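Shared between the two complexes below is chain A, which has chain B as its partner in the first and chain C in the second.
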Partner chain A sequence: MIHVSDVSKRYGAQTVVDGVSCYIKDGGITSIIGPNGAGKSTLLSMMSRLLPMDGGSVSIDGLDVTATDSKQLARKMAILRQENQLTVRLSVRDLVGFGRFPHNNGRPTAADKVHIDQALEYLDLGDLADKFVDELSGGQRQRAFIAMVLAQDTDYLLLDEPLNNLDMKHSVEMMRLLRRLADELGKTVVLVIHDINFASCYSDSIVAMRQGRLIHQGPPAQIMQPEVLRDVYEIDIRIEEIDGNRIGVYFA
Partner chain B sequence: MNAVGNTASTQLPAALTQHTRRPLKSLAPKTWIVLLAVLAAALVATFMLIDLRGNIGYILPRRAIKVGSMLLVAYAVGVSTVLFQTVTSNRILTPSIMGFDALYMLIQTALTFAIGGQALLSLGAPVRFVIEVGLMVGFSFLLYRWLFTGGGKSLHLMLLVGIVFGVMFRGISSLLQRLIDPSEFIILQDLFFASFNNVDGLLLLVSVAAVAAVSGLAWRMRHQLDVLSLGRDMALNLGVDHKRSVTSVLVICAVLVAVSTALVGPITFFGLLVASLAYQLCSHFRHAYVLPIAVLLGVIALVGGQLVLERVFAFDTALSIVIEFVGGIVFIALLLKGSVK
Partner chain C sequence: MASSTITPIAPAAAERATRAHPRGSGGQLIGAGAAIAALAIISMFVGVSDVSLPALLAGDQTAWDIFWISRVPRTISVVLAGMALSVAGLIMQLMARNKFVEPSTVGTVESASLGILVVTVAVPGAALLTKMSVAAVFAALGTGLFLLVLRRIPLRNTLLVPLVGIMLGGVIAAVTTFFAYRFDLLQTLNSWMIGDFSGVLRGRYELLWIVAVLTVVGYLCADRFTMAGMGQEFSTNLGMNYNKVMMTGLVIVSLISAVVVVSIGSIPFLGLIVPNLVSLAFGDNVRRSVPWVAVFGAGFVLACDIIGRTIRFPYEIPVGVVVSAIGSVLFLCLLLRKRERRG
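Take a look at the complex of A and B:
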């Protein structure tokens, strides 16, 4: 379980995240939604110790993220940011192999190879394993990075806008994949996402933020309501139920 | 909006972060290391033995000191540049461009100004060197740590800070040099414009000790360094203590820059030259391969260059002029490559 307790972040006079508290249960997908500047990515960065917090605390399975040994946390939780520019030229297999660093400290064992092969296979990257990451398309790149954090073999997976720069086809594939990670491998997936309909169709729980505050949390059926979404985005969104999923219509 | 969300994207123009040009992949890194090592050894042997006439007992030790200092400088510059570029996630900035060697010269000048040139010389090279390196590590820690440990600093900001620091250090140095006694200035000038032709043997020994110490530290960090080359966020995700690693690398760089500057004075673009070439030659990202290649390239450039300069052109001029010329062109080419794409 991830326990976020009264977490705040300020830049000068501006408060970006303002006293956010929530529980994220083990298993399933939790989506963090909200307008630009709501503090979603900042919250995720603080949860994953990439960014120091100005107040409050976050614990994952009872481990305080700011106090626990970073390597121990790296075996418990993986974080993937939206921009992953590489300065070095790496093959896909080498990149995925880095996911084993928290376990082997850079000295690969036979067990690591098994994990790497499994991660490559799970993301259908077998044929691309020896290609260089900079030769891949956007969707393949994203999959290669997911394979890396999968090889990291953590219970928790935190993803910052994993659909960023992906077209519809690849977005759907990515969300299905995350669903499989949650259902088949029992991982707890937390992601920041802009598309409320993807959040509605694939999440078990949605956290809605606005202006640095957490304003709603609940299952999709509870969040995908015109009045709730109006509260979050300040626009009128009609909700239609299609094939059992609640879809927001906001294009016109 | 979210100030952290953009760290990676603001870090560098896209073209600079992607290593788009194909390295010469036909040869494995180990083959390159062997080839370059053979070439470097041949050049060193040629340099030692060519045209050996007259008082051999006098000539050989002098040549040995000269070659030794070139090897040490190649090592210090190659290693410090590659490590520095790893922790700052870029391929353009080097310790020299960020003003490290200007800082070292300022420390030398300030020391001369404070306690006098004669007093400084009477301390002897080893003691002087230890004091200078100590100050160097302390000041580079104070001045540069903030710049590299946080996320979200753009390449342009870092470049600007480096240039401003460099100009400032040089400015203060030249002010102090104008204020001191002319005879002391001459002592100082001897310290600055030491070239490979007049290196103090004792200083060389102390330098070797300093370099050996920081090399041990760097070798222990080699796997962490591989992870650090993925960038700050990825390194943190994989459990590497980013702040501590960057601080260690800064200390290593400060010592190495002090060594090379103390031995031969500042050579701004040499590091950039050998590091860029090493990345082109080495198809493998691991520091265990890139570092030796960078060092060997440095040895070849220095010893080979000096050999050509002395024997072919019969010049006894500073090799650094040629290196700065070629290195400067590479620097501009890298910058342009970044802005064109």
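Take a look at the complex of A and C:
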């Protein structure tokens, strides 16, 4: 379980995350939604100890993220940020292999190879394993990074806008994949996402933020309501039920 | 029919065969090492004094003396400096997350020279080890300053990073030149800035063994430098202490630069060219590419030193000049080829 308790972040006079508290229970997908500048990514960065917090605390399975040994946390939780521009030329297999670092300290064992092969296979990257990451398309590259955090073999997976720069086909594939990670491998997936309809169709729980505050949390049925979404985005969004999913219509 | 069922398999198999040794197998590395050994042997028999294999075999004492006092130390120092400077360039590139930097373009070498100047003025006749230590401290401060400035640049433009380094190095070099001029040490300063192996003699190069140790340390930390090269967040996610690795890299790069500047002088661009050529061929998994960078660096400097000694025989052209000339041409070719592939 991830327990976020009264977490704040300030830059000068500006408060980016303002006293956010929430529980994220084990298993399933939790989506963090909200308008630009709501503090979603900042919150995710603090949850994953990439960014120091100015107040409050975050614990993952009872481990305080600011106090626990970083390597121990790396075996518990993996975080993938949105911009992963590589200045280093690595093959896909090498990149995925780095996911094993928290476990092997840079000395690969036979067990690591099994994990790497499994991760490559799970993301259907077998044929691309020996290609350089900079030779891949956007969708393939994203998959390679997911394979790396998968090889990291953590219970928790935190993803900052995993659909960024992906077209519709690849976005759907990515969301289906995350669903499989949650359902088949029992991982707890937390992601920051802009598209409310993807959040609605694929999440078990949605956290809505606005101006640094957490303003709503609940299952998609509860969040995908015109009045709730108006609260979050300040626009009128019509909700249609299509094939059992609640879809927000906001294009016109 | 039979052939049509086989054909789809054949290209795949062929592709697999070409990938069997995708980039730099151990066997190739041994081959490259043998080529370096051959160059090293040639290097030992190039020079004004007559040191030939028959003379050595005949037990000619003068030939043996020159061999042990001058030729062997020179060859060893060429190999060590070539290896270490190339590896230092690679580490610097990973730390700055930019392919176009190396110790002589980010102020490290300039700071080391300033350090030697300071110690030469303050403590005339200081021991080589003292000079080296002071140079190393200055080099670390200069490089640290560069890395701090980098952190403050909001936009990590590929071209901006080396420009910042060159400007910083230029400022430090200007200060150094000013004081060298005031203290009438311009000529001495020149000997640090232009690498030259002609002064290497037994008893005056042994400090260079330090860089051999540092190169091995660089190899042992290779994975960590690769991860640092992918950024602070990437490293933190994997549980690595980013700042500690950056400090380790800073110390390695500064010490290597200081030792080489004190004993040989600067060899500009070496750390830029060698890692980039190796990267194009083998990628950047540093654990695999460090041996290649080391071997290629040693071979490149050996070849340049031999050229420098033979082209105007019996006079010598400093190795720094030869490396810069050949290196810049190689580097231009490399850049043009890269653009071709993209375009």
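What we mean here is this: the second predicted complex is superposed on the first by the 252 of 252 C-alpha atoms of A that agree within 3 Å, B and C clash if a C-alpha of one lies under 4 Å from a C-alpha of the other, contacts with A are read in each partner's own complex, and residues count from 1 in each chain.
Throughout what follows, a contact is a pair of C-beta atoms (placed from the backbone, for glycine too) under 8 Å apart; a residue touches a chain by one contact, two chains touch by 3 or more.
Here the structure is a predicted model, which is why all the values come from computation and not from measurement.
S.K.: Sharing chain A, do chain B and chain C clash or fit in the superposition?
M.R.: clash
S.K.: For A:R230, is the partner it touches chain B (first), chain C (second), both, or none of the two (neither)?
M.R.: Neither partner.
S.K.: Please work out whether A:R176 is in contact with chain B alone, chain C alone, both, or neither, and reply first, second, both or neither.
M.R.: neither
S.K.: Which chain, chain B or chain C, ends up touching more residues of chain A in the combined arrangement?
M.R.: More residues of chain A are touched by B.
S.K.: For A:K71, select first, second, both or neither according to whether it touches chain B, chain C, the two together, or no partner.
M.R.: Both chain B and chain C are touched by A:K71.
S.K.: Looking at A:V88 after the superposition, I want to know if it touches chain B, chain C, both of them or none. Which is it: first, second, both, neither?
M.R.: Both partners.
S.K.: Can A:G106 be said to touch chain B (first), chain C (second), both, or neither?
M.R.: So A:G106 meets both chain B and chain C here.
S.K.: One more residue to check, A:D130. First (chain B), second (chain C), both or neither?
M.R.: In the superposition, A:D130 contacts chain C only.
S.K.: Which segment, 3-11, 39-47 or 57-65, is the chain C region that clashes with chain B in the superposed model?
M.R.: In the superposed model, chain C runs into chain B at 39-47.
S.K.: Taking the contacts chain A makes with chain B in one complex and with chain C in the other, which residues are shared?
M.R.: 45, 48-50, 69-75, 78-81, 84, 86-90, 94, 98-99, 101-102, 106, 149, 152.
S.K.: Would you tell me which residues of chain A are touching chain B in their complex?
M.R.: 11, 16, 36-37, 39-42, 45, 48-51, 69-75, 78-90, 94, 98-99, 101-102, 105-107, 134, 149, 152, 160
S.K.: Could you pull out which chain C residues touch chain A in their complex?
M.R.: 19, 22, 94, 97-99, 223-224, 226-227, 229-230, 233-234, 236-241, 279, 283-285, 287
S.K.: Within their complex, state which residues of chain B touch chain A.
M.R.: Chain B residues touching chain A: 1-9, 11-12, 14, 17-20, 23, 85, 89-91, 151, 222-224, 226-227, 229-231, 233-234, 236-241, 283, 285.
S.K.: Tell me, which parts of chain A touch chain C in their complex?
M.R.: Going by the criterion above, the answer is residues 45, 48-50, 69-75, 78-81, 84, 86-91, 94, 98-99, 101-102, 106, 130, 132, 149, 152.
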